[in-house]
Amino acid sequence: MDPQQLEQLLERVRGGHTDVHSAMRELRHLPFEDLGFAKVDHHRAMRHGMPEVILGQGKTADQVAGIASALLAKSRNLLVTRGTQDMADQIGEFAPEVEYFPGSGVIRVWRDKTIVGKGKIAAVCAGTSDLPVLQEAQLTAEIMGNQVDTICDVGVAGIHRLLHQRDRLMDARVAIVCAGMEGALPSVVGGLVSCPVIAVPTSVGYGASFNGLAALLGMLNSCASNVTVVNIDNGFGAAYVASLINRL
Amino acid sequence: MDPQQLEQLLERVRGGHTDVHSAMRELRHLPFEDLGFAKVDHHRAMRHGMPEVILGQGKTADQVAGIASALLAKSRNLLVTRGTQDMADQIGEFAPEVEYFPGSGVIRVWRDKTIVGKGKIAAVCAGTSDLPVLQEAQLTAEIMGNQVDTICDVGVAGIHRLLHQRDRLMDARVAIVCAGMEGALPSVVGGLVSCPVIAVPTSVGYGASFNGLAALLGMLNSCASNVTVVNIDNGFGAAYVASLINRL
Amino acid sequence: MDPQQLEQLLERVRGGHTDVHSAMRELRHLPFEDLGFAKVDHHRAMRHGMPEVILGQGKTADQVAGIASALLAKSRNLLVTRGTQDMADQIGEFAPEVEYFPGSGVIRVWRDKTIVGKGKIAAVCAGTSDLPVLQEAQLTAEIMGNQVDTICDVGVAGIHRLLHQRDRLMDARVAIVCAGMEGALPSVVGGLVSCPVIAVPTSVGYGASFNGLAALLGMLNSCASNVTVVNIDNGFGAAYVASLINRL
Amino acid sequence: MDPQQLEQLLERVRGGHTDVHSAMRELRHLPFEDLGFAKVDHHRAMRHGMPEVILGQGKTADQVAGIASALLAKSRNLLVTRGTQDMADQIGEFAPEVEYFPGSGVIRVWRDKTIVGKGKIAAVCAGTSDLPVLQEAQLTAEIMGNQVDTICDVGVAGIHRLLHQRDRLMDARVAIVCAGMEGALPSVVGGLVSCPVIAVPTSVGYGASFNGLAALLGMLNSCASNVTVVNIDNGFGAAYVASLINRL
Amino acid sequence: MDPQQLEQLLERVRGGHTDVHSAMRELRHLPFEDLGFAKVDHHRAMRHGMPEVILGQGKTADQVAGIASALLAKSRNLLVTRGTQDMADQIGEFAPEVEYFPGSGVIRVWRDKTIVGKGKIAAVCAGTSDLPVLQEAQLTAEIMGNQVDTICDVGVAGIHRLLHQRDRLMDARVAIVCAGMEGALPSVVGGLVSCPVIAVPTSVGYGASFNGLAALLGMLNSCASNVTVVNIDNGFGAAYVASLINRL
Amino acid sequence: MDPQQLEQLLERVRGGHTDVHSAMRELRHLPFEDLGFAKVDHHRAMRHGMPEVILGQGKTADQVAGIASALLAKSRNLLVTRGTQDMADQIGEFAPEVEYFPGSGVIRVWRDKTIVGKGKIAAVCAGTSDLPVLQEAQLTAEIMGNQVDTICDVGVAGIHRLLHQRDRLMDARVAIVCAGMEGALPSVVGGLVSCPVIAVPTSVGYGASFNGLAALLGMLNSCASNVTVVNIDNGFGAAYVASLINRL
Amino acid sequence: MDPQQLEQLLERVRGGHTDVHSAMRELRHLPFEDLGFAKVDHHRAMRHGMPEVILGQGKTADQVAGIASALLAKSRNLLVTRGTQDMADQIGEFAPEVEYFPGSGVIRVWRDKTIVGKGKIAAVCAGTSDLPVLQEAQLTAEIMGNQVDTICDVGVAGIHRLLHQRDRLMDARVAIVCAGMEGALPSVVGGLVSCPVIAVPTSVGYGASFNGLAALLGMLNSCASNVTVVNIDNGFGAAYVASLINRL
Amino acid sequence: MDPQQLEQLLERVRGGHTDVHSAMRELRHLPFEDLGFAKVDHHRAMRHGMPEVILGQGKTADQVAGIASALLAKSRNLLVTRGTQDMADQIGEFAPEVEYFPGSGVIRVWRDKTIVGKGKIAAVCAGTSDLPVLQEAQLTAEIMGNQVDTICDVGVAGIHRLLHQRDRLMDARVAIVCAGMEGALPSVVGGLVSCPVIAVPTSVGYGASFNGLAALLGMLNSCASNVTVVNIDNGFGAAYVASLINRL
């Protein structure tokens, strides 16, 4: 039932052609979601700043390009995660300013660079192998309208390098911390700052890292109370939540 | 907004006190579930034959008795799973026909014994240690209006005992098969019958049974195509689905 | 001992050449399965509507084509799961109406399209990445003689899209629900419908999805009582059981 | 080296008794943390609103009472998680307004009830068995100066009950969602609201819930992008982070 | 159909009251297992030397005593594994020679001590904590008619103690080796002897032994080719197979 | 110290050039293994019937050919497991009768075909996908001097096909049973025969088979007491132990 | 063969009653371990400083007291790990200076307090809940003749407290670091010091700590290269190795 | 703040331009790490004997060559682990004496061959498949200035081969023991020697070795008290710690 149908029903009530109880019965069986439920989605779009992100993984380049084209018709910015050069090339045909970041597989069309976040997001990683995940987080946070301060190579086994960056960390309104191997960095950062820390375990490591499981478990058991965790290698998710927090 | 509110709104439309577009706007913001959504629940109650089951685990005897009392006010039958003698005693004060089955912890008030299932449900288990789970399945299936044919002690290492029961198995419209240890029984039963088989792994075993994990994995990998699986020790769930199938 | 042997034995009894007790002793040692046990298989074939399905995985194209040729000699329809283009090509040489579905790897020869299922099977999936598993389920259910209503892209994080399809879901006699990642969709669908729900965890996801383990565990722990579960990515198995249920 | 030592060193420089390079050498070897580092802790206390929380688990009642006494000397409020009645009794001797909550084991001395959070925190749980974890979250969030809106018994298998609470959910600035079994609730809530959602897996369930592992994995794989996760049963941690967010 | 029915059928054939084809049809539908299949069980009993063993775990003392009483009516020997003092006491009322071994929980009525094994079974364990499992193996092997040579406290970290026993090991026709912790003993023993080695992982250990999982995995990966493995703590199963081998 | 040294020492004793206590002290410090310990290896070779098997995995074709050449200098038969065509080709240059079996990767030089096993070894598998593992077992058992009776495609979901082979199974002195997926076949075979059964889990399956883990756990928890287990896909190990048993 | 036998053999050689080759043959078959192999044990005792430690777990108080009495007859010091008050009381009857430490369950008779370690061992733990494991390490290291510097409550979320102790850490020749939860402390300590660090995961934590698994995996994946790991809660083992290192 | 800034501050104090309390306040806020903290790193370099090692995994050849070039500017020796031929070739352009070891992937520039270790390091492995890990350990230990005694092919199933090497093992000051499959070798070696043993589980094996997990768990549960463990395949880490120990 679309609005026209609802309008007709109410017109019939108004005109006396349908009595109140029949109308009630009819309304009661309406698929509720047609009664404006889509407005929720609309709200979501407005508040979140961008309508949708494309997860490239498991899609063909044609599919991604198709979706991208449709999304760019109603939005200035676009983000594809886990994408390929081929996808980027196809998108470039109708969005020449497209950027492709091979390390993380992120594809970005970033036309509207308005800053909507109220403070800075610190994006921190332990080692150079964690950079792809950090990059996904950084690019996501940027396109969602945040100032991002990226701090790299501050693993816990060289604690002074991390402490050296304490001021930058304490300037952040929310911190994203990516780490593989033992995944200890979020706990240490969490103890240094008083803002929320979003921990991203990465699949960096070998042997008993079990593709990020060790880091994930470590972060879930963090002794720092201001740490929450997202899925292994989920830089996007961390940046998404950090962006929401930074708009509060 | 309850029906009275809706009625008043429509009356206002009918009387010309509210125009159609204002009414539409108002309706669009209604919490949809007040527009008859509860009817779904009502339907569910009618179709399922009994309104609700109480999971005794994690509740006090007082809590269970309170809920039971409320439920028995609108339903003749009642089932409590993972209950205790104390819970049964308290229920017995207002429902003297209550039965308590210590093996499975099931508490049952079974007044309405109408058979609604179209055929028989076979409830099978491998060994005597699986009996508590079988009992939960059997009692659930019975109170949901099914004829239940219980077949015990037919483990796969004594295949002739199982084959001896082939006729009873083939008479069933749906079969529930409980097994611990290696959990192989559902595969063998699945090959003997052509009806749906619902496999219930039990936590019976020790060592590498890992509290039912071995049986669970075995059943999920069954080479018999007519097998689906429920959670470890979930005799109730198996009987619930079997009852739904048996009413079709 | 084949029927001829049995006939001869009985003739000897009838003619007085063998006394009753000798005949009994002889019968007692017969391999029982020669006494008509194969009839069970025959029954199975009749009841299930199709004799056998070929699992393409781990077989060569030659092997699959050989088996397919033999099966098509006694059956009009044929299904190969986890097959390849090469297998389909070889089958196409003697069965030109063969269809190949690259997404799911299903090969299908569908000549007899008689509907034997009594109602509709709803086949639901959460996201586009789950489509290959959904397709395997859909194609299986169709060739087994069912009307299949396919509902896609109704993940739980956009609950209104799922609710929008509530009528179609409630029309189904049995529902197949495929989902990866957190595998929550079967619980939500299970709460909306009152028919049996067969949940299929998919290996869609990354990191802590552990190739479908997260979805599998989620579905096994479903708080909806009408949910049973099959193996990860086992769209075929779900459709097989759904077909059995839909014939009841 | 305490401040007095530093002062003396500088006095010696000022008075010419120590030359600059000797002072530099001396300063360079100072344990840096004596140079005001403790101020960080002080800052932390000021910003976080309460100095420290006692984890009762693994401590004797005497130990907890001793620590509590010391903490209450410099702070008006106190929180003990995973505590016992005995601990509460001992604290009651010097803090008569102590409250003990047996469900969650929380002990609370709540004298300063100033609201510092800018909005409401929604604290949601799926079933009554999740209440102890929800309670820990609620009590923590309250003592940290937040308005908390508690919404219970809105499991995903009865989606209409959850949708009924949509307005309350959308009013929240941050949501805490506790769920055991399949842990699907945070995904659904995450799709309904646009604020950050902190998911708390609970150890509620049996069999393949593996003491909360199923829920944990489900939440980490949430298809809703605004969900982060804390440890199993960690209601305190979720509320702590929610409080930090709510002060932004 | 019992033998009488078969006899009557054949009499009818012999008397001409039933023709051959009708008889064949009737026979074809006989439950085969009534045609002497039970004889298999009988054979099994004769060959194995003892009819059945009672697993005490999960049974009441009354149940165990009842089964024991029935078994002792047709067998001179009896074995109960994972039994209790109470079970032993009840059995003692009708079998005064009953023995109870609290370490392993074995109850034994050992009247017929005939040796049927052709050689010696070596039963070896690594440390004193493994003794309960070793005892279960030893008592089982003895009651099944074997000479058992028990060798204790020969852990791999004191390899000379094991080598000191090399002659006794090499005298054995089959060896049972129980070990917890790292479970390395079967590999070393397997390298010293040329007979089959049955490895029993024990749940001895703590931390990363994960209740015997470490030992189990170690034994399954043994670099000695003559090692097979049974379940954790399954001394009975190891002795059962060793007995079968020793009779060959 | 080689025998010459020992001889010289003893000569010195005999000639009175070294007194007894000096000789004892010297002997006491001898590396014991030089005192004939290698003889153990020699014995092993004699008893086992073949000196050594080459595990091809992780070696280059050159390495394997080199070892094979050395081994064939002192032994007529040779077995390489997990080998490649290239390895077989190189071996064929000096051992033209070499056979290569691509399914299992076994390379075999089988010149001495003497039967030393006292009875038959049954080698059984559930489905055609298990054939590579079965083949490894069969080829190993043959080259170790056993008659092997191979029985294929007798999965537990078609129990009649297995029962049809009961006589062949009961003729075996020891049985090897390979199965993937739920791994139930060894339990059923174990119940039908009274000889030792060696179960080989195979990595056949998908999803929750977890590369053979499901089958492995199932077999370790077998309710048939005559079952022991080897590593996943370890057809060689099963045949090795079966050969040892068959020589007893 | 004991030394007397060897002496007699050599006397026979010396006296010409046995020729050299017969003697060689005889010697070659000697059980080598009788030729002075026990000396290895003796050496071990001398070098390690104490002959043996009793693992109390899984033993009765009588058994422990018996072993303790025997050990104290030849050694001045004694250590029992995972012991009970009852064990300590019984030991106290013949060793009045016995100490019992209920936190860790250590029983110690420490008469010879000679320091044999060349430097200090730092024993560090993250939180008060880790104290029992730290205590086991400290008491073991002390009785093995080491100076132990114990540093507590220096968790990584309060990094300044740890840095405050840097001088004490850098004074150590080897460090033992105990930590539960995320187990990050060894990595941070490892980065601060240049001596070997022995990491002890503790079972402190809840939920996804999985009884110390999270800490264990974290430590195994440490990004600090000077870290090795022992079993969960194995304070004794860490101190044992630290003592060996400290004597070098 | 660099030293110049500190110097200026102190000059201001000395000259009376800044009073003591202002200086103190200023110093208190200094980033402490600028006060000479980097000296720690310097010390580390001096003590450890080589500044840094490059983990090749996850880096491009260009990146590795760039870092190598920078490192070789201040150090004579260089080690790259998990490197490729391409990386070695690029390094060879500016360091012609570079060596590449394809088995382990180690790249080494070894100009300064001074021995700084006080004794020998024994590097032991069980089988030829463990050689790559052993090689990584050996090459690391050598470049860190140690004499390394490599002992191969001494698996526990051929214990005499290991015992044959006892003298070499006992000569070592510290032992590195690499083993896959059941990982039992460190326990046996640990019992033979009295020095510290560093166990390296390798990913050698198949099936239930789970890529080294079986060996890892075995080693963590070693019954030899002188064993500590590093990550799977971490030959580098073992050699690093062994080198630290050997310098004590």
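Residue numbering begins at 1 within each chain, and the chains themselves are lettered A, B, C, D, E, F, G and H in the order written.
Basically, a residue touches a chain if its C-beta (ideal position, glycine included) is under 8 Å from a C-beta of that chain, and two chains touch if they have at least 3 such contacts.
What you see is a predicted model; the values in this text were computed from it and never measured.
Set against the Cα centre of chain A, the chain with the most distant centre is E. When the contact pairs of E-H are matched by residue number against B-F, A-D or B-D, over half are shared only with B-F. C-beta contact counts were set side by side for A-D and C-F; A-D has more. The centroid of the Cα atoms in chain C and the matching centroid in chain G are 59 Å apart. A straight line joining the Cα centres of chain E and chain F is 25 Å long.
As a whole-number value, the distance joining the C-alpha centres of chain A and chain H reads 39 Å. Chain contacts: chain B has residues 32-33, 37, 40, 158, 163, 192, 207-209, 213, 216, 220-221, 225, 231-232 touching two or more partner chains.
Shown are all chain pairs that touch, namely A-B, A-C, A-D, A-G, A-H, B-C, B-D, B-E, B-F, C-D, C-E, C-F, D-G, D-H, E-F, E-G, E-H, F-G, F-H, G-H. Of all residues in chain C, those touching chain E in their complex are 3, 6-7, 10-11, 13-14, 16, 19-21, 23-24, 27-30, 32-33, 35-37, 39. Residues 126-127, 155-159, 163, 180-184, 187-188, 190-192, 205, 207-210, 213-215, 217-225 of chain D touch chain C in their complex. On the chain F side of its complex with chain E, the touching residues are 40, 43-44, 47-48, 53, 118, 173-174, 192, 194-196, 198, 216, 220-221, 225-232, 236-238, 240-241, 244-246, 248.
Across the complex, chain G is touched by residues 128-129, 158, 160, 163-164, 166-167, 204, 206-209 of chain E. Residues of chain F touching chain H in their complex: 31-34, 37-38, 40-41, 55, 57-59, 201, 203, 211-213, 216, 231-234.
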